[in-house]
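One chain, chain A, links the two complexes that follow: it is found with chain B in the first and with chain C in the second.
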Partner chain A sequence: MLLRATLLSFCLATPALADFEQTLSDHILPGYATFAASTQALADAAAKDCKADDLKPAFNAAYDAWLGVQHLRFGPAEADGLSVAIGFWPDPKGSGAKAQRALLLGDPAQLSPEHFPDQSVAARGLTGLERLLYPAEPLPADPCALIQATTLDLARMAKIINDNWVNTYSKTMLTAGDLGNTTFQTRPEVRQTLFTQVVAALEFDKDTRLARPLGTFDQPRPERAEAVASGRSQRNVLLSLQALRAMVVTLTPDAPLTLAGFDRAIKLAESLDDPSFVGVATPQGHLKVEILQQAISAVTDTVVSELGPELDVGVGFNAADGD
Partner chain B sequence: MATRRAFLAGLAAASLPRVSWAEVGSPACLAAGKRGEEFVLHGLSDQGESLFEIGLPARGHAAAAHPAQALAVAFARRPGTFALVLDCLTGSVRYRLTPPEGRQFNGHGAFSADGALLMTSEVVAEGSAGRIGVWETAGFTRIDEWESGGIGPHDIRRLADGRLVVANGGIQTDPGDRTKLNIDTMRPNLTLLSPDGALLDQVELAAELQQNSIRHLALHGDGVAFAMQWEGDAAEPVPQLGLWVPGSAPQLCPPPDAQGFAMKGYAGSIAVNRAGDLIVLTSAPAGVVMLFDGAGKWLFTHPRADVSGAAAVGDGLRLTDGQGGVWAYGRGGLASLARNATAWDNHLIALG
Partner chain C sequence: MRPLFLGLLATSALTAVVSPALAADPAAVTKTYADIAAAGYEDSLTTAKTLQAAVDALIAAPSEDSLKAARAAWIASRPAYMQTEAFRFGNAAVDDWEGKVNAWPLDEGLIDYVDASYGKSEENDLATLNVIANPKFKISGVEVDATKITPELISGTLQEAGGIEANVASGYHAVEFLLWGQDLNGTGPGAGNRPFTDYVQGDGCTGGHCDRRADYLKAATDLLVTDLEDMAGQWANGGAARATVEADPKAALSAVLTGMGSLSYGEVAGQRMRLGLMLNDPEEEHDCFSDNTAASHFYDGVGIQNVYLGTYTRVDGSVVSGPSISELVAAADPAVDTQLKAELAATVTALGAIKSASDGGMAYDQMLAAGNKEGEALVMGGVNALVTQTASIERAITTLGLTGTSIEGSESLDNPDAVFQ
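After this line comes the complex of A and B, so read on.
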């Protein structure tokens, strides 16, 4: 273990040897720590004062922090469906708003820390909170207690994930290949898992965050964009791309085409000037978002053709092609 | 029909050197896979060790094991142009089955209880209308063909009494590749056929679930547990597991809402343990296994990268993955049994 620690610090000093140990120490752990701290700050702020306007900065900071780790769909965040409850979107049938209405009008005991975690995943998390802080129409009751319950629940979930990474799952990752490690039987399995996260997250950006509001040229669907109410649709795509690029840098110093592809997509996402994608309703705005979508599609191809071989992994044999 | 079948079985006894499964090491299951650039079929022991390996000319999908003789039928992936009857002692190809003109194998097959007949899931290439090909097993010639009762049949299972359950997946595919042509109008169903191919029962899913392709089956009590793959909006959580006892309506088994997306809408394989109190579904795209009790109540979701094959072996369950891993599985999660240089393909087929 001492040898490993020595090697690890040596790796950190020598970017040419970047590997998943560096992804863990420089990307995953700081990302979850930031998310846990920002959701705790949000809960503390809501406990003192639940006025929507006053909470918006803390809400946005927590949402930003979530975008830093949202692509890590394995390990502690997936246990008990936590990631689903933290960022429930898309919700085409509006089940979150319906469930929240019932909570606002129902028994306040449902909002207690003992019972709130059992409420519908669609009603909780960042998207639930967004509907309370940025209501599209007047809420049927004072949302203060529900805001407080939702922020407490977010902080609780973030702490569970962060604690599990720090206390347990880091070791699971670092002991890949050891006898008895049934999560990662070999070191390449860790790299494959991380690689898969990059591919899946890019596909989510392209096929969900962008494709849903794009709809078709004849029938754009701006109302289907993510985080429309808080005007974060564009920002979420941008932060997601930045987080993925940062993760790739920790995995290998040797994926120049991948990084160039990310840089191009990030630049397009930055320069879009269409915070909630209302622009897709206009021909020019639609085209601009489509160009970003194509750039993300191009990075995905490069990730598969360059980053995969560089890490000596690919999309799983069965995952790529089932039946 | 009974007379004819008895005659054919007698013929089989007379003409084939009968090698039993015991003579090839008593494998517990069969699994197709890829080793390097080679496609292969393995016989695996109950502990996941490879007992034999036979080369295949192309990527395999599932297999069917003769109930008594050491014969395995390896099916090609859709659209399938071949099925090979393999002698598991020598590794030789005993027979090469080719679907009739205009038909394609669709990945799965089943033997009759006495081994005298092999039934294969097939489609009419143009339009994907489902057929069940019927082959006698003395010389593996085609003797009959039945309608499967739907479009794009995939898995088929024989109940203990000889009736056949067909998962008509509902998806029409391009004759030349796997392009899906009817996602907006697809209507999967479960069909029950008599031992000689007459349609006895058929059920469909509710209208809002008709894009949930019913693809794989496992025997369960007096009926089957079935696994589905969602072709609709990925934002909608839909069940991947259902239970069907012929004569009644299918029962769907959604997990709790926090688990509603854990499988990414996709179940690749399904197996039920011998006691009938555990049902497992695998999802390689999500890298998870989901465990349910015998009534379809969700118990656990366990992560495992690229996991796909699932089968009941002995009193337990076995899983295989694309890294070559073979696992024992149950309420306690996964326990590693063996790791092979072969990347295991979609299915693990139990013998017996």
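After this line comes the complex of A and C, so read on.
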């Protein structure tokens, strides 16, 4: 009820022109509410029955919900590294599988709600759960307890982020520029933060979700795609693009080239018909994914050249600045 | 991943910066910046040459003492270099070159023997290549003759072999591995413990192929010196990197702040600190063989502060200083400058606390252990301080009205139709 009441007050406060108030009420808050509800549903389902096949629909629903907010890597999702723990990928050293093997064979006390959150992020979250529900090779022990611990932990993290947004961070954002707001000293700082999320997420789609499996033409690396086991590689890119487009719409009504660019990329992502990017191993399939990558590159440029000036901000620092 | 960095297309124009009579002149600020870079890379070079001499002595007469001396020289070479990392992001000349000297993390099994616990990498079929033990091998199907281990073999063939970043064959961390060996203590006490006998020629050689190991260490150290010579030259009077920033002082101001922010946030706070903590992985520490990580992070923090304040204390104790970007920000908005200066100092203090704890016996990898709350608090103290200062660095960019540069290699921006053909 609290959420509904809060949403209502935001709606009343929303000006006619789209701005970050609308991003908050129409994109961020509903996105996290959906993610919290779907991870709770997943945990409830796992508590009743932890058979992998039975859990797959709830797992995919939670993963879909995560793609709706995954690009928001600031504030409550960044605190305590929660977004990293929810979707730890890529994992080039295979740390997750190793850590999960140790958990499966180790002291069950590590799986308790008290201790599980202290485990390596590589062993937790949606990617951890995916390895248990879609194992590439037989697991060394019955995964039921670990599946339950992982889903509970996911629901816990989703609730923390959602509660924090509803109870605290919404206000932080809405009072941008007020005396005493040290997070957002001006309203443009909010716009810049949101704008930076769009650019960084597009870069992630292009440079990580697509570039990793693409490898080179001579040496494609389909096994390096995201969520190969659950066959979600293509879907994740598509949902990411759709979420980013939806967010842009809330930020401004006036970014036609940006939206057109998104539409082109989304259409390409929809029509790919290569769920886990195995197609990159063929010349034709490689080319198709490359064309999608170029479309994302193009929309990134348009975001910077059109949406940035429209919001009167530039790209801020983001997590991808490093190596 | 290349940093994508633009300043704010925001409110105030650069004219706001240069108009106050007392404000420093952007060209003078740029000169200070380039002078600090020149001094920093020169200090990196001289300390690397000292390391080179110590490595030569180790190879000529392997002993506990000569290995210890070489390790000490490596440790002593780090502070100057780490302070130059503030120049990396924002200067293409540095960022394009950096991977040769400080790439990390590495699949060290490419270079030499590793413990059985090292395992196999699913993503890197060269992770256990062991060049030292194998004079001939194939990379991506091509036969490689590594009979002679030379700087050219390391830089031209082995570095990033197969297009895989974890194949780090050169730079500080390759040399570090050859001096210390793997740190097999996990999150427990102790660094790598390679015996000096790994360099003994003939009888008494341990680890096998001591001649080739010595050749590799020599070649990698010589290559490090050559690469640092290159960068020191780039910032000396008449050097290309200096010319680039001096040609456009406004872009240079953007480079200063971009370098500070990208290093603070994505690189050190994110990749190098918080990720390792969240993985509880002792190999996710920057100087993982020597356990020198705490010092490396500390000098990154100092380097960021240096470029903002326009002052650098050299290895010999002398000081390079001049008009600073801090003065420009202060002239435009004193509150932003005051806050940023305080936050930069707080970061140095927080990273200093990590270094003190490490010097006192809790090495950085021990801080990463699951359940080490004290270690976690120390590391997160550094992370939080770096994240906090990043927001103020963004404010400084806004305050100076620095519009951005363009995205590198942005072909589609110039020719939007090309990509759809």
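Methods note: the second predicted complex is superposed on the first by the 299 of 323 C-alpha atoms of A that agree within 3 Å, B and C clash if a C-alpha of one lies under 4 Å from a C-alpha of the other, contacts with A are read in each partner's own complex, and residues count from 1 in each chain.
Everything that follows uses one rule, which is that contacts are C-beta pairs under 8 Å (C-beta built on N, C-alpha and C of every residue); 3 or more make two chains touch, one makes a residue touch a chain.
Model, not experiment: these values are computed from the prediction.
Participant: Put the two structures on top of each other at chain A: do chain B and chain C fit, or clash?
Facilitator: Once chain A is superposed (C-alpha atoms), there is a clash between chain B and chain C.
Participant: Touching A:P309, do we find chain B (first), chain C (second), both, or neither?
Facilitator: Second partner only, chain C.
Participant: Of the two partners chain B and chain C, indicate the one touching more residues belonging to chain A.
Facilitator: Touching more residues of chain A than the other partner does is C.
Participant: Return first, second, both or neither, reflecting whether A:D142 touches chain B, chain C, both chains, or no partner chain.
Facilitator: Touch partners of A:D142: none, neither chain B nor chain C.
Participant: Classify the contacts of A:E270 with the two partner chains as first (chain B alone), second (chain C alone), both, or neither.
Facilitator: neither
Participant: Where does A:T216 make contact in the superposed view: on chain B (first), on chain C (second), on both, or on neither?
Facilitator: Only chain C; A:T216 stays clear of chain B.
Participant: So, A:A319: does it touch chain B (first), chain C (second), both, or neither?
Facilitator: Both: A:A319 reaches chain B and chain C.
Participant: By the touch definition at the top of the document, which applies to A:D44: first (chain B), second (chain C), both, or neither?
Facilitator: Neither partner.
Participant: I'd like to know which partner A:D107 touches here: chain B for first, chain C for second, both or neither.
Facilitator: After superposing on A, A:D107 lies clear of both chain B and chain C.
Participant: Would you sort A:F74 into first (chain B), second (chain C), both or neither based on which partner it touches?
Facilitator: A:F74 contacts chain B only, not chain C.
Participant: Kindly point out the stretch of chain C, out of 3-11, 57-65, 75-83 or 129-137, that overlaps with chain B after superposition on chain A.
Facilitator: Between chain C and chain B, the clashing stretch is 75-83.
Participant: On chain A, what residues does chain B touch that chain C touches as well?
Facilitator: 81, 84-85, 92-93, 120-122, 183, 185, 189, 192, 207-208, 316-319, 322-323
Participant: Could you pull out which chain C residues touch chain A in their complex?
Facilitator: Residue list for chain C touching chain A: 1, 3-11, 89, 104, 121-124, 140, 162-163, 165-166, 261-262, 264-268, 270-272, 274-275, 278-281, 283, 370-371, 390-391, 393-395, 397-398, 403-404, 407, 410, 412-413, 416, 419-420.
Participant: Name, in rising order, each residue of chain B that touches chain A in their complex.
Facilitator: Going by the criterion above, the answer is residues 34, 61, 77-78, 107, 154, 215, 229, 233-236, 256-262, 266, 268, 284-285, 287-288, 301, 303-308, 321-323, 325, 327, 333-336, 339, 343-346.
Participant: Considering the complex alone, what residue numbers of chain A touch chain B?
Facilitator: 74-75, 78, 80-82, 84-85, 90-93, 120-122, 182-183, 185-186, 189, 192-193, 196, 207-208, 212, 316-319, 322-323
Participant: Which residues of chain A touch chain C in their complex?
Facilitator: Contact set of chain A toward chain C: 81, 84-85, 92-95, 118-122, 183, 185, 188-189, 192, 199-200, 203, 207-208, 215-216, 219, 221, 223-224, 264, 291, 294-295, 297-298, 300-302, 304-305, 308-309, 312-323.
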